[in-house]
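Worksheet for the structure shown next.
Which chain is which? They are A, B, C, D, E and F, in the order written, and residues in each are numbered from 1.
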């Protein structure tokens, strides 16, 4: 899955951008529960602690997952979460957007992320295709079919004008789904790569004024891992 | 700190309620950053995994911290976060409330929790006294003075009618502050204990319909701790 | 109806709590209109004036009805409205809740109460079973059937995770409906009794800072009744 | 006070409009508490019951007070509350408005009315002059001075573009205050009279579809008064 | 179309009110796109520049269209947009309202106007009948049929209590539709005429405090037209 | 001014991106009123009509001004307004942002744009430096001083974590202001250029599903210019 996402990211990157894909050494292979989201966030934090300093920007490839704020606090380079990336890009392309994600139980977390980033009013719905994250890779055709059906429903019934793919594991299908539904489809990973490049190019970094100010070091039991 | 909170909880419990205080074996001694909130949440999840089943309800004593949703997903007994407990109780006592917390960098997380639980419109402000969590215990008189000053300002300038103590470490001072400012002061730990007893008494448990439905077991790297 | 509600309250009360049920000597036997809600509020105010002082807390058993603020202004002991009680308890059990009430014309008042107490964003819908309040008692089986059908729809179509019974007259059916729909069902009367006990146990009283500050006495035509 | 308001209304009415001022035979001479607002609403309901049918429209002259929905339910002719009237007219004249009312304890009720009628986002603040309703008449010059000071502050500090007089007892001073602050000042009574004439002229009546549908008659203890 | 609207306005005006209907000399005959809304606004601005000064109030007869703020800035007399007029009047008649407009692509602009004027929370939906503006005149019976069908759906499915006609070209059908659906139907043009008369009668003018303060003259390329 | 903005854009563009700066042949040299915003929008629409087709993306360099939706409707290539661009980029860098603009009368339009694009909840305030757009160029040092003072206030008093420059004429000063206030400062023009490149790189175009669907051609009086 990491390799698939890395390829996706490389395909979207500008010439000169090097993508380093990192698989956390702690946490689940995919996230489908709140518990797993917490463990994955700690896995990402662990990666950031060990490797964050050497990069110009960090993309966090878990749609609707926890962790972005922690990385923004720890690092000074831009940290782009694919949920935010997809949502902001979608808002540049249409008046409303919908998200198509894997399983129904992932929906609340995505809604919460949109509530907190301010764009819930632009999102007309989050629909699930009822496929586990790891199943997405198994049968690409079935994945495209299911995502297309949900995306078309979002356009027709929820009045979405743009559709975001709500899982990093839906890599490589955006164009196909877009052609099928006649509306732009945003892949969070590719959107995040381009936004990260943009921030880097603009020489902008995470604000350290308050929320993401560095915290004083502290002895923490069991940490670092 | 755990002992202080436990005493506070015992003082508030009804006859017949037994309080078992648990200190996580993973994570920071106090939470003052997003990173620490993530690690503390995993510490709490680890506790829940090992001990959650044997209790009638769980109180999560980190004000404005992450983790409640994960525990609600893992357990069937009620899980009460002290942020929610304080806010709901405050809303039963006045039209508006304010929160007085430790450090300024804790404010955004508290605001986010209130946004997500729906009560942000009732909260007229979150004020910080600029004391670290662990400093609260050192000089109780100074703590009472600082909290009283901030609480009085919240009443006078922000039009708060009730004040919530925004840190579990502010145990034992609610009554003193309340007398000084002439308004009810809610301690999240004691509020949570009583709400937990109420839910247990009403034989109500966490809904397993969707957001907190149990997730299928999965092999997770490095987990359990 | 008062006796039914009193029994319901007694069944939920902790040992040592004495429930005194009062039927107003002014106003309608049940509330199904705005006019009736106003008259019932004055009936409750009249009760509070005559008897309020002698109790440790007051529960106002009219779902979606007016009057709570007046009683909070008049009394210093906690006043718990069953609409608020049900909503706060529901929010402790799930991410969203729905209300099932009697008649369609009661829906707007319930929505208004939720808007004012801040929890409208957590409520996914208010559904009516189209039975008058006083009909609920006539055929308990029919009542359970109608409420169960509406509650199940709320879970399935509105994505409610918890259901609140939106009428004090729906006493004694929560457990049955809950088993049928597989989700927690909150009865406002029992919830309010437990919350009232909690506030009393926590020695917390209504804030007198501003909204509910006592008003100076005044000569009022026709009052007291 | 009734006579003062009646004159104010007559001064604003179009030729051909007859104003019939009614003082309720039940309730307080002025409203400065939630309790009094409830009693005044029943006083107004009693008036409506006895006299409502004979008029083309009803103006309810209690700023921020309860009762409008009950009258809309009981009558078919338009019922205009002066809070709504002032707010809608203010929104036609500027982007934002403020309310200047009598006492601080009247503020929450006004805010609630604006929340429920949808215009809270247009209102930048409700300020009190700390004068009782009945004091307004005593010294008109003092009243104008206090209201002007508060209105000027609302314009300067809260960025109000229009000011609404938040009490029917502030009759006859709008023009003077407006000249002093250089911004439009809306008197709710005169606004309501003109809006009532407009609805009558447009042959529009209260919708009976749902919220204000007539309720079936019922035997009610102590009612009619 | 201008003549139709003028007649509609004259029918609604009080005795003594003279209606001067002006057709812009720039811009489209009807507005069905954002581009056309911008051109029509400039057409209206051009009219206001040439003729605005001579009138007591201005009604802007484009439902959901741009321009009101510009005219309020340029003129001191009241400027009433029919979108606002219809919405405010609808809010005086029922708790919720819906809008029935011409084509689906007009819906977003109407929603935006309601968001900005604060009444989006009162509006339960905007429905389109899929007829172009200029087609409305062609077959009045077909228009009434289509509008009635959409309005009835809004009442039944969206819970609208009042319906606003969302196009100035729907003149003369409000009463017929109202009888058919059993709910008040508000025509924006007639509502605006009456509101304009009201403001004029109340001697109220647009606030010049901030948003609509006159702007200093400037040399502008191609302007005046 | 156009040349200044063009240089700013070129400085931010990636290698290979060609910037074509266009000065409208219709409309004001700068926008400081609603009227001017309308005329400038038509100037931009006229440009788009004549030249839009030949470019890969369009940046609309009027902060808080009208027009973006019209261009999105007319063109298929991405259209980026600098208000949106600055706001989205700011949201990637901090939890809250403020805008520093030229004159107070520009503030309401900026607030409206943020309300409509969904990010009003992230914006803690819009502050004006009280300098006309064309004055910004006259004395760069004075401009930097005034903007820095307002930006510092936004950080200190409004709790902004990021500051957006609210006028295209504030080109070239972002870095200086940022160093002075210790927080990221976003220039809308450079942000928009990078976002436009990103969308082009991602092969994403404006959704034509509904709001921005092409409108059928129509004969329009006075148009094209």
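Throughout what follows, a contact is a pair of C-beta atoms (placed from the backbone, for glycine too) under 8 Å apart; a residue touches a chain by one contact, two chains touch by 3 or more.
Since the model is a prediction, treat every value here as computed from it, not as a measurement.
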Intersection of the contact lists for chain B and chain F: A
Centre distance in Å when chain B and chain D are each reduced to the mean of their C-alpha atoms: 43
Averaged-CA centre spacing for the pair chain F and chain C, given as whole angstrom: 51
Multi-partner residues of chain D (at least 2 other chains): 95, 108, 210-212
Chain contact graph, described as a line, ring, star, complete graph or other shape: ring
Cyclic chain order - from chain E, heading first toward chain F: E, F, A, B, C, D
Complex interface listing, chain B residues touching chain C: 12, 14, 78, 80, 84, 88-89, 91-96, 117-122, 155, 159-162, 175, 182-184, 186, 190-191, 194-195, 197-199, 201-212
Residues of chain C defined as touching chain D within the complex: 24-29, 32-39, 41-43, 45, 66-67, 69-70, 72-74, 104-105, 108, 112, 115-116, 210-213, 215-216, 218-223, 225
